[in-house]
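In the two complexes below, chain A is the common chain; its partner is chain B in one and chain C in the other.
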Partner chain A sequence: MTQASILLDGLPIPFVAGQTIMDAATAAGIFIPHLCHHPDFKPQGSCKLCTVKANGRHVSACFTPARDGMEVENNTPDLNDKRRTLLQMLFVEGNHFCPSCEKSGNCMLQALAYELEMLSPHFDQFYPDRPVDASHPEVLLDFNRCILCELCVRASRDVDGKSVFALSGRGIGKHLIVNAESGRLADTNFSWADKAAQVCPVGVILRKRVGFAVPIGKRRYDVEPIGMQVERMAARSAGEEGMDGD
Partner chain B sequence: MRLREAMVTEECFDARRLDDLLLPVLERHAREPGQLVQILREAQERIGYLPAPLLTAIARALKLPRAQVEGVAGFYSFFHLTPPGRYRVLFSDNITDRMLGSAEMLDRLCNRLWIERGKVSEDGLVSVDTTSCTGLCDQGPALLVNGRALTRMSAERIDRIAELIRAQLPLADWPPEYFRVDDNIRRRDSLLSVDWPAGEALQAAIARGAEAMLAEMKRSNLRGRGGAGFTTAIKWESARRAPCHGESGVRYVVCNADEGEPGTFKDRVLLSSYADLLFDGMTIAGFTIGAARGLLYLRGEYAWLLPALREKLERRRRDGLLGTALCGQPGLDFEIDIHLGAGAYVCGEETALLESLEGRRGIPRIRPPFPVSAGYRGQPTVVNNVETLCKAALIACRGGAWFAGLGTKQSTGSKLLSISGDVETPGIYEYPFGVSVEQVLRDCGAGNAQAVQVGGPSGICLAMHEFSRSIAFEDVPTAGAFMVFGAHRDMFEVARNFAHFFRHESCGFCTPCRVGTSLVADCMDKIARGLGTQYEINQVFKIHRLLHAASHCGLGQAACNPLFDTLQKFRPAYERRLCSLDFEPAFDLDQALAAARQMTGRDDPAAHFGLAARLPGVAS
Partner chain C sequence: MRGEHFELETAAAADGLRRVAIDPVSRVEGHGKVTLLLDENDQVQQVRLHIVEFRGFEAFIRGRPYWEVPVMVQRLCGICPVSHHLAAAKALDHVVGASQLTASAGKLRRLMHYGQILQSHALHFFHLASPDLLFGFESEAGRRNIVGVAAAYPEVARQGVLLRRFGQEVIRLTAGKRIHGTGAIPGGVNRAVSRQERDGLLADIGQIVGWSRDAVQLVKRLHAADPALYDVFGTFRSNIVSLVGSDGELDFYDGQLRVRDADGGILVDGFDVANYQQLIREEVKAWSYMKFPFLAALGPQQGWYKVGPLARVQNCDRIATPLAEAERREFIDYGRGKPIHAPLAYHWARMIELLHAAETIADLLPDEALSGSELVASGERSREGIGVIEAPRGTLIHHYQVDDNDLVSSCNLIVSTTHNNQPMNEAIRRVARRYLGGRELTEGLLNHIEVAIRAFDPCLSCATHALGQMPLQLELLDAAGTVVGRLASAS
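So, the complex of A and B:
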């Protein structure tokens, strides 16, 4: 019996039962853009960057199980155009100023914008008012850059067992909150050793006083575009996502 | 309940009082975390809003992370983290209410009360705002005051209401005719013409037996009346066959009474006047799939229906139609609980509804698994619309073959239409499926219709040349809304109202819907201000395509439908507003100087951008 496989942009990709399209692609070294997905956590499917076309239907690669013979379109102009628009939406929804952000070069949002050749935010900026939380001795929370991927929510709840983070609000008013009546991170049991401290794909959860230990230009996505780092992403685990990149 | 006794204002709020107020609510719900939405609702009813210490206390009592409790409280429109007015007035903001003058009446009430829309008066007495469609389009403009529905607003009523509020008269002492809600049933067919005593349909189903009942359901080819049109018998059979999970696993029947689609109000009428038929239908579903528990998810806007529904359940219990050994059949048990929503349209989506039932934010789940195999609490669950369950009761009595003989081959039986807008007699019209739009328009007295929005904003907008089409799953499917727009109506404004509705109701889970609904609403506002160009139209199309392809659930996928339809069919309504330019920025330099002008007390030409340059002799 031959091994089950999907056809990803015309290329046969083997998979084992239980794998998603994303799992199969990643194992084969093929990059499917994503933000809210992380191999250590249950797929969530909210950023929609990994939208692919499977047997003619748009689906999220991160949670759609691979099926034998499934024909999947991934790297097509139409899908990349949609992904670019999604990135632009995320850029205008928050306050993202890469030149002044200490996560620049280690930020997945920025790296994907380069990867997908996003040349401008395109839409009018929303300029939301999102005060930062500098209360914690070790960590700064800059909500301006939050893309609502819920990785910190999932890490804190499912790995750390602390549920330090959660989402509140609805629709465009949705926002990240912390587990304290005061609303301040210092009043939670959060610590830099938490898994939740390591998973932010953008620049919300920042360790204080080490911002530029690795200079800009030598950071993870400065060295190599995100699309070339599939194997590294597959091997992601706690500790590796820290501020310093490599 | 006397208003002033029921509300505790911020000043007299203290922690000891909080425990006293909270304890009975927690006890009633056995400190069950799954009851969080109900607990928040009842706590708010007692305290007036949900202050931060209260959320902490609830989290502690339910052993939930505080942030999770706050996240749930922050999700639903009817939960308040800061004190609303002691009289909380919410105008229904559906387009049909607007067509009846609701916007002017809202302004009038604000003027009379000397308050700004959306802000609480300084004495904490009153707040006035809008809310999504309250399901009273046939007798609007409608509004909710502290959850009670008021109908047929007029300038006179608004003035009187302002006086009543200023005099702080309890709602119970307001003129009762303000609260009158009519059924307005205009045409009866197979469903609305029945007048059976409670339990009749249930007994018929018991007499048939569960297997035979399922066979009748299959024969009937009944399809879900909530809009999607999934075959009910397949759901029932799948849930019946699906194994329960865990030792104490049981199956559930959930009735979706979260009738949030703007322009739809048929479930309101069924819940008001056919509740026993519905409860029979739920019990029959339980009997057929082997479930002993039913949950009715009632939208928060219909909270005023709750006392009558509870009374009906009590009567059923006394009559042996609820509880254990129903109709004298040992082993045949069925309980029905009513859960109240709290203002979130997305909870009409069946998996978001289940999330809400389990006490969480109403976010649609990833499917599969489908509710029939893993629904409420992970157990096999049938989720059916109110009308669908009433039809099931009908089938129990009359048989599947009889039902299949009504309507069309692919759309059997009848459909309840909620008709509103520019018609002589708005209300509920029941037709066999297959009826033409023309016929419906004739019957309801729509003389000069230019368009009909069928199925609400997520449905389809039909122009005059399409009026020969018929209401059926194979042609124009609908959950029941039928909003008629006369020739004098501006279809652009209709679409703009819908764009704002979707922005307000997007759950915010996925990027395309969360941001896209905001972007299109902004585009529509820009066009309305006379600053739109072809560029904005192209934007709307582009976002429509993205939302259709990439949104997580049906809400996002449908969110641009009304814009797409009206752009296709009523393009002049847009084009007459466009500037001739290719692009016009939404940002207005002169407007940006307004704050500086206000601060400096200046309003001379030199303080205006652009104006100074145009006026000769004025120094810039």
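So, the complex of A and C:
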């Protein structure tokens, strides 16, 4: 019996039952841009960066189960144009000042902007007023850079069992809050050891006093662009499986 | 006591005067303009250098985490970002309790800074100033640029470009990027320079020192060819201020403040930079975004002073590298026992400093400490930090207060060009009176004003970093120059 597969940009990609398009592509070393997706957490499907065209319909790759024979478009000019527009909207909605951001070089939003060749924000900046929360002794929260991916919300709730973070408000007023009457992180039971402290794809949840300790050239996306990292990880895991079989 | 007392700063009666503006002043960093008011006989009645950029670093750095500051504030400038980067890091060393940096960190920062002095001085002399000096102030305007220099003096232009490139390479290897790197962090640095990288620089440093010597000779030849011009053009007397090292030597990275009067007498020596606010005050004038600093003890009328190469080379007792020291002695001898105040002598002093920077880099590069691994120090936290450095254009002061949550609660920056505000205004008033009065104004004549400003190598972007302290004022003038409406704000 042949293994079930999808046709991703014309390339047959095998999958096993239960895998999403994103899972299958990642395992095969093919990068589908994404921000709110993380392999350790249930899919959320909110950022829409992973939008692909499956059998002619726009769907979220992180959410959509792979089906045998499904024809999926991913790396096409049309989809990448749309993704670039989504990125531009994310950039202008917050205050993303890469030149002085300590997450620069380690930031997924920035890495995707490079990957998708976003050359300008295009839209007018919103310049929202979002004061930082520096109350916690170990961690700084810089809300200016929040993209509402809810990874910290999911990590704190599902892994740490603390539910420190949540989104509040609606529409353009939606924002990240912490679970304390004072609204301050210091008044929660959050700790740097929490999973939620490690998952922020942008520069919101930051360990204090260590910014810029990693020099330019050694930061995550200096070493390798985000798209190639998926390819390398897949090759490495294929190599490990090969060794296991020997 | 107000600034109106300075001659030619404010016309006795502005009514009926003809206004001429040089806007923008070209071949300087940032945007500024000069306005001249002339009477019916074309006599100059008022001359002002206005800074028309408006920034806001002192305001928007407040509320940011302190470790972000060295990376953020360097964006004040694209020419000397390393100076701001290091001055901020030096200030924040105190905040993280790093009273003594590791040997490696201290030398790496020094290397970065001397690379910066080299590239900035090369940029200024060869790209910005040399067209005036090589072709003449009134030469064809279309030729007065680095492309013109490259056509007429290809070797001079080539050496200028390559000197700057070498300085930028030193910066890249110590800061991570040629412009706006991240090398200096509170308490030290985040990268060392490998032996291989040092070898790459060592292969070229002999040539760089040689070209730097040639640059000093070139500026001396220009000076000697027309001393009547170089010694008097825009010349005014003033106090001078700079850091000097612990043994009185020229030091761009660290030291204590020394002040000399216009005759060269030492007024203040060994002054701890941490007390700079007792030494220096700043005056605000409604017509410029750039403040006017002065020595507190002498007041705004007598206490203004020059900073930068001309001040430094004459303020120190010696230069620690032999070639630059020999040039310093020759420079001092030229003054025959008196300080040289001529603005055009800034170029000569600047090239002596270029040579010193090249020699210092040559001395530093073989040092194994540059490849060390002990890069960061820390100690008892403090709520306040002051960092002072000699930037290419002069003394640069960064002062921060940090609250218990690690956020910056106040920031004060006094940048090199701001110290030279009154000197630049004095220089252009002298030039205007000497060259412009009673004559039909031509582009070449107006360029004389710009030549005087360029001598100071001002960075007008750096100089207008503040927000919330200067009164903003909008004036509506009718055709005769009479103010018919005014809108003023205190912030």
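Everything below uses one rule, namely that the second predicted complex is superposed on the first by the 230 of 246 C-alpha atoms of A that agree within 3 Å, B and C clash if a C-alpha of one lies under 4 Å from a C-alpha of the other, contacts with A are read in each partner's own complex, and residues count from 1 in each chain.
The definition used in the following text is that a contact is a pair of C-beta atoms (placed from the backbone, for glycine too) under 8 Å apart; a residue touches a chain by one contact, two chains touch by 3 or more.
In this text the structure is predicted, and so the values were computed from the model without any measurement.
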item: First (chain B), second (chain C), both or neither touched by A:Y127; value: neither
item: Contacts of A:L167 with chain B and chain C, given as first, second, both or neither; value: first
item: Touched partner set for A:G217, first chain B, second chain C, both or neither; value: second
item: Chain A residues touched by each partner, larger count belonging to chain B or chain C; value: B
item: Touched partner set for A:K48, first chain B, second chain C, both or neither; value: first
item: Partner chain(s) touched by A:T85 [first = chain B, second = chain C, both, neither]; value: first
item: Chain B and chain C footprints on chain A, overlapping residues; value: none
item: Residues on chain C engaged by chain A in the complex (per definition of touch); value: 63-65, 67-68, 70-72, 75, 96, 175-177, 180-183, 185, 190-191, 376, 405-407
item: Residue ranges of chain A in contact with chain C within the complex; value: 99-102, 131-132, 134-135, 140, 206, 208-217
item: Residues on chain B engaged by chain A in the complex (per definition of touch); value: 52-53, 55-56, 65-68, 70-71, 73-77, 344, 361, 366, 503-512, 514-519, 522, 542-543, 545-546, 549-552, 586-587
item: Parts of chain A lying in touch with chain B, wherever the complex brings them together; value: 43, 45-49, 51, 58, 60, 63, 82, 85-86, 89-90, 92-93, 123-124, 126, 147-148, 157, 163-174, 177-181
